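Each of the two complexes below includes chain A, the first together with chain B, the second together with chain C.
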Partner chain A sequence: MGQFIQYIINGVISGSILALIALGIVAVFKATKVVNFAHGHLILFGAYFYFTFSVVLADAPFMPAWVSSWEPAWLIAYAGDAPMFSPRAAIASWVSDLPRILLGLVGALAANAVLALIIERLIMRPLLGQSAFAMILSTVGLIWVLEGSAGLIWTAEAEQVPALGPNFPIRFQLFDQNLFLFSGSLVNLLVALLLFASLMLVLRYTRSGVAIRATAEDQSTAYAMGINVPRVFSTAWLVASTTGAVAGAILASRNGLSPAIGLFGLSVLAVVLMGGLDSFAGVLIASMLVGILSSMAQWKLGGGVAEIVPYVAVLVVILIRPHGFMGQEEIERI
Partner chain B sequence: MALNRRTLLKTGAALTAASMAPGIVRAEGAHWRVAASLPMTGPFATAGQLVAPAFSEFEQQVNDNGGIGGKPIRVEVADSGYIPRNALANFQRAQAAGDLHFYYGDSTGFMELVGPTLTGDNAVMMGSTSFASALSDPANRPYQFMAGPTYEDQFEILLRDIANKGGKTVAFVYSDTEFGRDPIEHGRQVAAELGIDVVLEEVTRAEGADIENHVTKLAQANPEYTILQGYVTGVWPQLIGGARAFGLTTQFMGTFWGMEKIIADRVTEQAGPFLDGYQGVMPYRYFYDQDEAPFYQELGAFKRSVNPGFSGYVTAWELEGRLCLELWKLCMERVIEADKEVTPDNLMAELGSIRNWDSGGFFGAPVDVVDNKIGQGRVYRYDAETRLYNPVSDWIQV
Partner chain C sequence: MITGHFKTDYSADEGIWSNWPKRWGLVAALVGLAIFPFVASNYALLLAGQIGIFIVAVVGLNVLIGYTGLMSLGHGAFFAVGAYTTVAIHHEWPLTFPLITLVISTVVAAAFGVLFGLPSLRVKGLYLAVATLSANFIILFLIEQEWLAEWTGGISGTETPNAVFFGVELVSQQAKYFFIMPVMVLMLLFAQNLFRTRFGRALIAIRDKDYSAEILGIALFSYKLKSFAISAAYCGAAGSLWAYFFPAILPEDFGLNMSITLVVCLVAGGMGRTLGPIFGTILILLVPELLKIVAASITGGDATAQTWVSPTRDILFGLMIIGFLIFEPMGLVNIWDRFWRFMSRWPFAK
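Take a look at the complex of A and B:
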């Protein structure tokens, strides 16, 4: 039972990251009816921007030394001679890295937002009025453009980036079982869920949220009602790119920075299909389910099979419910 | 004979070809040609760029010393992007450009792809970055060799070291790639022979592995030793970091591609000193261990002479490329000395006859080439404070 709960916890943590990635795909689809195949590569750019700002720029000779490593006397005293990976050492190390983490996050959010706006203005907006198929194919082409550009700008070597939160093991008992999770993963989980919840609240209770939902219902009517539909499109791409930047930073700090992040992001499309392309609640459920299934498969069946099992489940769900768990069924009037 | 326009053109073309042919023949005969595919771009671009100097410097050093048998060498390097079909195209282009006396491949994938085509006139002596066990097969791959032990041998060296230290349990953690799976079956057999219990075999993604689940499984299996296989720059540092953060005391070990000092140094620089104590098998001395390595001293002096900014360290990856070239040169010299024709068959026959060879310090003891490989290596331990890998075993022969 203890092991079972342990893998559920691991699965929920993985699932929350899937949900954060899926968020951007759903946001763009809800507003524009375009399935953004290049979302994984937006995340890849977010991860590389985070690396650029938090590692390359922070360690640049022209930057003040405190950006690279902030070590006030009180922090050194607090850290004392705590052993590596003890909570105190982990917290002290994280506080010391805070300036570079913040620089990395702010830089990644801004740079990814600019990138998304460029993509939206130069590629997607000229295709407004064309078939959704043309727009979707252009996002497929974008994959190769972004992947190639990343290869030209950065090396493809695996790099280390600072984690968003301090990383030490948290041990606790549940149902008389010894369990653990990493504090860094807990921070990632909280960040992902917080962003997810915030976006849902924004969509529900703000004017721009209502505009996005109205545009998702019917673009022509939204136009007629005075909604600035192109701005809605830009907003959706901004949401996708900024949440993608955070997802990229989390993935890079958790698994290492490498071009594989782009493909991982692409694989989340299957999770989105399972949950329903236009349903935030649906993709949250699907993400958690896939995360837990992956974790269980890794536990019981091992790596090779674990890669396949969750996606077999996705296929089964799509066969039974073609629109996913909570996706809106499209009714075509003839 | 009437000289019409067509005849004139044909005659002109024939004359041009005839006049250039001796030049081409002279050009072919004037050099020993060496070509290579390296991943100068793509996922292993850093590795490719670090290996590249081995080729240009080898060319310069050999030619400065009068070439081989009095004839200079010419080295051509092409980018493969770590894509086997690109490397194959590079190889075919190099072959089409004239007599090719040695080729260096960039991956197991390329060596597997090209292996069956190396017959008859297409045969070329060929080394590579790969230590794949399948390449140590003179019967089926008579022209391919490796400048060190196979991954199976490297696993065996580690398992023997574990047995010597009284280890009883081990976990194999490997990437879901050919590179990762290569030595696992052999590792199981050797572990059984040595009385070591394999308590976990864990397959991971080659990049972006789910560290939490893998650490959980390692914690449950609780092995004394964990051997990592099939990684270069990614996954293994995150896995060790995760395991150490969790408090696991298992001794992590790696093989050649996971043992480069600059990677361990970079991880230490960026993420802290948690790789301290990490061990693994390395076929060669590290470059900073020069006391009994006259070749390293000579190479260091040469590098300083051509590049005053030389850092003083040469990666193990570059050393592997250089050793392949040195083995080819040795075979060439022996073939020429014996007054035999320089053919791939004669070169490989010389390679197979190398016994008790003093490598000038690459290896700790004189080595033999058996089954187109050199089965020797030593276990090293990383010290995060000094940033050095230090030997913790004698040279082990397999």
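Take a look at the complex of A and C:
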């Protein structure tokens, strides 16, 4: 039972990251009706930008010393002689990394936003109104463009980046079983869920959120009502790229920075279809389900099976419910 | 558009070679194919063999995407099924006649096509694309499993047999060329002929509007499945040839990369046309080679500068996909048509 709960916890943590990634795909689909196969590579770029700003730039010689390692007197006093891996030592080292983490996040968000705007303007806008096939394939082409550019700009080696939160093991007891998790994963979970929830609130209560929902409902009516539809498209891509940058930073700090992050995005696409392309709630459910199923599969059947869990799950769900858990059914007229 | 349709009776209207450019174009192509291996270098023959195999697969994909209008991003899996069936047959019975292996591989791949075509009844478009993509991952996962490793070689791949015709082992590129090209030509002719039949017209009706086709009395499910079976069979045949052509195969050869390359060949060439797959495959497979040659001449074979060749190739590949979709969505065939239209009217109009 204890092991079971342990794996459920792991599943929820990875599920929350899946949800954060899926968010970007759903946002773009809702606003522009484009299914972004290259979202994983957008995330890859986010991860590389995070690396560039938080490691390469922070350690650059022209940067003030406090950026690469911030050590005010009170922090040194706080850390004192705390033993390694203790919460206090982890928090102290996190605080001293804080400037570079913030620099990395801000830089990654900004750079990814610019990248997304360029993609939207140069590639997606000319294809508006084309068939779904052309849309899918152009984002597939984008995969190669992004992957190749990443290979040209950054060397394709696994690199370490600072984690978003302090990282120390937390041990606790439940049902007389010892369970543990890393505080870093807990921070990732909170960040992912907070972003997800705040985006829901933005969509519901702000002007631009209402504009996105109206465009999702009916593009031409939205135009007629004076909504700037092209700007809605840009907004959607901005949302996708910025949440993607955060997801990239999380993934890179969790598993190391490598081009494999891009492929991860494809399995998220399966999750999105499972939940329903245009339903945030459905996608959240599907992400949690896939996260938990994968971690169960890892426990019982080994890591190889865990990798194809999303694909098997999406096949089963699509066969039973063609539009996912909560996706809206398309109505075709002849 | 090729001019010269001078028909005087209905039998001429039904003919495959409706006019002289088609007839003589075919003859010229066949003669060219027959002469090519005697003048080409080994490297050119290697490329030609690869292109021939890919053409078979892309023609099969054309049946599904171009003529039936069903999207698939998982045909690399059927390619894998064909290749691994061939390897497995030769593992059990080393001296099987290659054509028998080819036929069996084709049939097995068709069976897998029917199995993974099942979602096409419920879903289409994007959902089908992702369903087939999932099928691709699942089939490759199965191939990599330990309990199949005796036949498939598992994750580390396996060596493949050479084709043996009546005691003659096909080892040289030239010999393999003479095995691949007749198969390719026959399968091209079959595909070209398929769409003059009732069956082919039914598929085209499904592409144009599936519900309308159903109202006209076309059994959607069975036709969609048959279309999946035919296209998977083509890919299976291509896979079998692939296994004979290359000394070894790896599961990852048949991953998403191959599936998407197949689709890209089709899009670059032009969907729903017989010439499309030929043009597209030649373009998509030759451009990386050209890039390699250009890069070698620029860098002078400098090893450190070579590191940017592979990323550049990726970028070029991606840009070609996007470029075709934005500027020439009908593919190379459209350029070809425009050229002949221009020629037939010249000098009177543009």
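In this section, the second predicted complex is superposed on the first by the 331 of 334 C-alpha atoms of A that agree within 3 Å, B and C clash if a C-alpha of one lies under 4 Å from a C-alpha of the other, contacts with A are read in each partner's own complex, and residues count from 1 in each chain.
Going forward, a residue touches a chain if its C-beta (ideal position, glycine included) is under 8 Å from a C-beta of that chain, and two chains touch if they have at least 3 such contacts.
Predicted model, so just to flag it, every value in this text is computed and none were measured.
By the touch criterion defined above, A:V67 reaches neither chain B nor chain C.
In the superposition on chain A, A:G141 makes contact with chain C only, while chain B stays out of contact range. In the superposition on chain A, A:M200 contacts neither chain B nor chain C. By the touch criterion stated above, A:G304 is placed in contact with chain B and with chain C alike.
In the superposition on chain A, contact of A:L102 is made with neither chain B nor chain C. Of the two partner chains placed by superposition, only chain B is touched by A:S295; chain C is not. Once the two complexes are overlaid on the shared chain, A:L57 sits clear of chain B and of chain C alike. In the superposed pair of complexes, A:G151 makes contact with chain B and with chain C alike.
Of the two partner chains placed by superposition, only chain B is touched by A:L251; chain C is not.
Under the contact criterion defined above, the residues of chain A that touch both chain B in one complex and chain C in the other are 151, 304, 307. By the touch criterion stated above, chain C contacts chain A in their complex at residues 65, 71, 73, 118-119, 122-123, 125-127, 129-131, 133-135, 137-138, 141, 144, 209, 211-212, 256, 260, 263-264, 267, 308, 310-322, 325-326, 329. Those residues of chain A whose C-beta lies close enough to touch chain C in the complex are 35, 123, 126-127, 130, 132-134, 136-138, 140-152, 266, 269-270, 273, 277, 304-305, 307-308, 311-312, 314-315, 318-319, 322-323, 332, 334.
Across the complex, chain A is touched by residues 41-46, 176, 201-214, 216-217, 219-220, 232-235, 237-238, 242, 244-247, 266-267, 270-274 of chain B.
Those residues of chain A whose C-beta lies close enough to touch chain B in the complex are 3, 6-7, 10, 13-14, 55, 84-85, 90, 93, 151, 155-161, 167-169, 180-182, 185, 251, 254-256, 258-261, 264, 294-295, 298-299, 302-304, 307.
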